[in-house]
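Starting off with a structure, shown below.
All chains are identified by letter, namely A, B, C, D, E, F and G, in their written order; residue positions are counted from 1 within each chain.
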Amino acid sequence: MDLATIGGQLLGTIPLGDIVLYLTPFNLFMFGGTLAFTTLIAISRTETQVEAEFGTLKDKEVKVNLEEFKIRRFLAIVCGLATAGAMITGDLFNFTLFVTLIGIVNIGIVSAVRQVDVLNAAFQYGLIAMMASLPLFGGAAVLLASTGTLSLLEIVKLPYVTSMMTFGSLLLLMGIIGETGVAPFYATKAEMFRTPGSPFILIIHLSSLLVIVRAIEVLLIINKPF
Amino acid sequence: MLDVQIWFYTGCVLVILGSIATVVGPGVKDPLVRTLNTEIPAVGVSLIFLTYNHTLALLTFIAATAVITLILLRAIVRLEELGVDL
Amino acid sequence: MNLMLNILLNVIIAFLLGSLLFGLQRKVMARIQKRPGPPIIQHLLHTLKFYIKESSFPKTAAMPFYIAIASILCVIWVSAVIVGPVAQGSLLLIFAIYALHKIVEHNAGSSSGSPYGKLSCVRAVFSAAAEVPLFAVLIIIFLKTRTMVISDIIAYQAQNGALLFTIPLAALMFFVLILSKAPYSPFAITKGKDIISGYETEHFGLLRGYLMISESIAWYMLLWIFLTVFLGPLSLLGYLVGMVVISVIVAFINATTPMLNPNHSIMVQVTMAFIGIVGSIILLML
Amino acid sequence: MNETSYLLYLISFVLGSVVGLVLSYQKYKSPFAIDKIDVLALIIAIIGWFLIFNSPMLTFIPSYISIAIGLFLMAMVLGMRPGYGRYETLIGLVVGGIIWLLRMVLL
Amino acid sequence: MIVPVQVPELVVSLYPVAIWVGIITGLIGLLGISFQKNDLSVLILTDIVGVAMLIFVAGVATDLAEALILPGLVVELAEIMAISEILLSREIRKNNISGEDLVPTALPLNMEILKTAPTFIAVVLIAYGVFLSGFTGGVIAGGGILFYILSKSARGLPVELFEGLAGASGIAWVFWIVGFLLFFVGPPFWLLGLMLAAFGILIKVASKVGLIGILTREEFKKE
Amino acid sequence: MLEWINLTTVSAAVLLIGMVGIITLPKPVDKVIMLAILQGGFIGTIVAAKYLDVAMAAAIFDPIATIIFLIGITKIQDIRNQKHEEEEGNLA
Amino acid sequence: MNIGRIWNSLANPRRIPRLFALILGLILLIGFFIPISLNDHQLYPRPTPQSQINDQNPLAPYDRGGSPFEETGIVRAQYPQNSIELGQITAYLTPIAIGVKDSTYYFGTSILSSPGGLIDEILYYTRGFDTILESSILMMAFVIASWVALHFTMKRDEEGDEKP
């Protein structure tokens, strides 16, 4: 088993003590993509929603006010950075922490809105995010217990896969699914997008999709299928 | 060594029975009672930490539980004030 | 051959062929519905037309973003061409690009401030939730071939026969993914006519041109991946024939089916994905 | 058939379609022509399809050029305004196909 | 030998039991959530799920596991806080459409312990927290601050303090980052890095936890 | 038999008693008292493990939790009484 | 009940956490049917519980050897080559901590959680990145909670103009 069969040739590592970040073309592309989007978000202003009013012929403009704009931009940038980190980290626990950070920031980006329905969706999503911390951290802990290491670069070298490792990665997958809102759990997330503030809610979507793609890589590394 | 076992299994009993009590125990319709019942598993986990000598984590957990309790009670009281029917 | 030249060549091919395939698709659909239909060249002409039209920007748009998003779509699909036909790199990378495509689709809708774009944006999130499980196709391919690199997958197929016959359910799932990208398909909820043109509603002129170019390249790339991954080493003529055949099949399906309600569309896809994953794993174990 | 010639074919097809479209709009004013065969278009179509299928027969020019020309001519007929050029294309395809078959069988 | 090469046998023998207990607890909590209609109750029940998570991590019983428990704890604390606030805001929004203003009830409590004990307990906790430093110290000192604010109902702190405390915690966070980088950029200065990290995170966490008290204080101020 | 009576077993017993008490007693205030017993048992356990500093911190934080609960209970009861009175007032 | 209706019900955000909880519970059940055992070759192993305190070690339970600035403690990190000063932190004691250590046996936790000590070694040095994230999570949660509190739950009178 070699990392090169999954994401392409290993380009380099960034060692920070026990946590080693690694770069393959795949990781690098997603890292760069996320950073590009984050930069764009940081310099954009929000769109104005125009809604028809009942009973009259007038339109109503739904805008994001300045205070709300600032906090949401801040959270969106943090979310972008967290996503970028999750793309290149080579440590399981670090990865779960990044995912958790993404989850909580996502809730924050929509919690600043005024629509009750959106707040409700944010709350329900938050509940899922909290429950998902059990499979996320639990899965990482089960993997640690069964392999004795958290570093993906070490796990990839192990010659065997035990059923406990598969269980751990299943938990990890469940956690990521919960935090990112994959079907059939999509509804909470999708409802959150009905609010104005386009560039910021973009990052919610960006983070969840990229984390899922990255999770595939992580799962393949853990469960060497041969 | 027996001490360690006693702590561990007492912790396990507290955690399991405490969480059952939190979910279906008597009077848990009242969120206040439910929050009170969550203290039992919290103490159970503390015992498990103690068994493994995670004393620093235990110290943090004790403090964090108090804070979580405060947050939950704040929410309960405010919702009661609002008189909302969830 | 010079690398830059090679990239340019492949991108232009992807664009031209993708547009022609879209045109063919419209023609086939029209014939099935007993209309004469536009010429095959029509989609290409449409794309070029937008470059000589005036560009205007809505007052309500989220400004730098609204413009950037159209060119980003172009950039990511060009990079898909680089990863795919040119470098034959990792399949996972192409799916990362596909994920970015979903994001752009979503944001192109929401950045304009139009309610139709917004609806399309919400639906894009919905549909992304459905398409993500289809990434399980990747895992199944990996389980079978033990590699993610396209050139290795081709080599594997050259040795052991096309994957289409060994993991047919995965191919079916991938086909559903392709189907969901085609215009007028039962799963194309982001571009349904009930929300005008979906995320493209408020993009005019130059920006629309960019979007259309990228869509053509995207269509070509999806078909290319399908043919490469499931049918093994093919000659260029083989690719051409395969793409035409798939486009015609898709056109036939699109012409005869209604568009599904968003929830149903997702859950149909998810159910198919679930059956596909479980079925494939059972097939692999046998 | 390498990628460069592939591109050449595509471009000649596209150009042929555009030319066919423009010319046919100038030539025909009414939207539909039922059951009328245009002899000029028919000849172009037949030459086009013939060149596409039987380029090796013309030994004096490289095959990629003859195929490109064939595609251009074929596309001119195929790409005519809606309702025109159908029968011509079909006949051209059949003729080209028969010649190809004969060539395969005889040679 | 102070540190063994392998994990002690006792721990290995306890591990399956710990995991089973974690699974059972998680199961109870999750089933409870799935059959629970009341949103507030679901929020409380997620606490149980968090407990199950902690057992999973603790069972590994190495120093690493202990270091991993702390982030887990923080995540629980942080999420409960944010989500309960969202729940409140949702309910207020839902019920306040008519525009009526809600007056929070005043606290009728007149207990002796609330008058004398807080200062002492707070001072002890803060001093102990500073001695501990690090995340644990932060939570403990923060708990002390929180308790102090909670109890001093009449003498509420001015709202400006909120921004000030938040700013302090941001600066402390930067200290912590600098400390972290120092470990890798200049290994000989590890002691400086350690101190920056330990006290940066102490101030950060303590001020954050203390801020909870200010959130609760507004109920008392309206007397 | 007597050798079984040491700090560990006694604390464990106190813990279990506290747990049963919290679960079964109906009134919230009684529950808070049983919570104090539970915490007493917990501190006893820590002392049995000889970590006096942890025991100290626990001994400081436990009354805090109790006070928080007391405040909450009084407040909620107050609110409920008020609501009750309002309803009766409306009826009258 | 027809399948379209079931699918529609999945679009209700209120049902999603419950559904997620149910599915997660079912997956947790798998844990009962697979062999579970702790791999005894772990990183950062620790001695048998209670052994250090029973030996009257004043630094229990976190004593990992070493003396301040001279001798490094024993830490089995994943990548020792990435952490050049490994073991120094766990051996370090502040002057106050040394004073406490000499006077009592039962304050090991406090001593070794003041700067220096094994957990600091792990939390700040070898796994420092985790702690950065952890504190960021707390910070973000706080930013969110305090923002919501300051703008919505605490200021209730000023929002009459904008209704959902």
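General observations
Everything that follows uses one rule, which is that contacts are C-beta pairs under 8 Å (C-beta built on N, C-alpha and C of every residue); 3 or more make two chains touch, one makes a residue touch a chain.
Everything quoted here is computed from the prediction, not taken from an experiment.
Considered apart from chain C, the assembly falls into separate touching groups, namely A, B, E, F, G | D. Traced through touching neighbours, the fewest hops from chain B to chain E number 1.
The chain with its Cα centroid farthest from the Cα centroid of chain F is D. More C-beta pairs touch across the E-G interface than across any other pair of chains.
Chain centres here are means of the Cα atoms, and by that rule the chain farthest away from chain G is D.
Chain F has its Cα centroid 11 Å from the Cα centroid of chain B.
With each centre defined as the average position of its C-alpha atoms, the distance from chain E to chain F rounds to 20 Å.
Here the CA centre of chain C is 43 Å from the CA centre of chain G. Separation between the centroids of chain C and chain F, computed from CA atoms only, is 61 Å.
The residues of chain A that reach two or more other chains are 16-17, 93, 97, 100, 104, 107-108, 111, 114, 116, 120, 127, 131, 134, 144-145, 150, 184-185, 191, listed in rising order. Residue positions 3-4, 51-52, 55-56, 59, 63, 66, 70, 76-78, 81, 83 of chain B each touch two or more of the other chains. Counting partners per residue, chain C has 266-267 as the residues that reach two or more other chains. By the definition of touch given earlier, these chain pairs are in contact: A-C, A-E, A-G, B-E, B-F, B-G, C-D, C-G, E-F, E-G, F-G. Residues of chain A touching chain E in their complex: 16-17, 93, 97, 100, 104, 107-108, 111, 114, 116, 119-120, 122-123, 126-127, 129-131, 133-134, 137-138, 140-142, 144-145, 150. Remark: chain C residues 59-66, 68, 72, 76, 79, 89-90, 92-93, 95-97, 99-100, 102-103, 106-107, 110-115, 118, 121-122, 124-126, 128-130, 132-133, 135, 138-139, 142-143, 146-149, 152, 266-267, 269-270 touch chain A in the complex. Per the touch definition, chain B reaches chain F in the complex via residues 3, 6-7, 10, 13-14, 17-18, 21, 25-27, 30, 32-33, 36-37, 39-40, 43, 46-47, 50, 55, 58-59, 62-63, 65-66, 69-70, 73, 76-77, 80-81, 83. Chain E contributes residues 2-8, 10-12, 15-16, 19-20, 23, 26-27, 30-31, 33-36, 42, 59-64, 66-68, 70-71, 74-75, 77-79, 81-82, 84-86, 88-89, 92-93, 96-97, 99, 101-102, 128, 131-137, 162, 166, 169-170, 173, 176-177, 179-180, 183, 187-188, 190-191, 193-195, 197-199, 201, 204-205, 208, 211, 215, 218 to its touches with chain G in the complex. Residues of chain E that touch chain B in their complex: 10-11, 14, 17-18, 21, 24-25, 28-29, 31-32, 38-41, 43-45, 47-48, 51, 54-55, 58-59, 61, 65-66, 69-70, 73-74, 76-77, 80-81, 84, 87-88, 91-92, 94-95, 102, 104-105, 132, 135-136, 139-140, 142-143, 146, 150, 209, 212, 215-216, 219.
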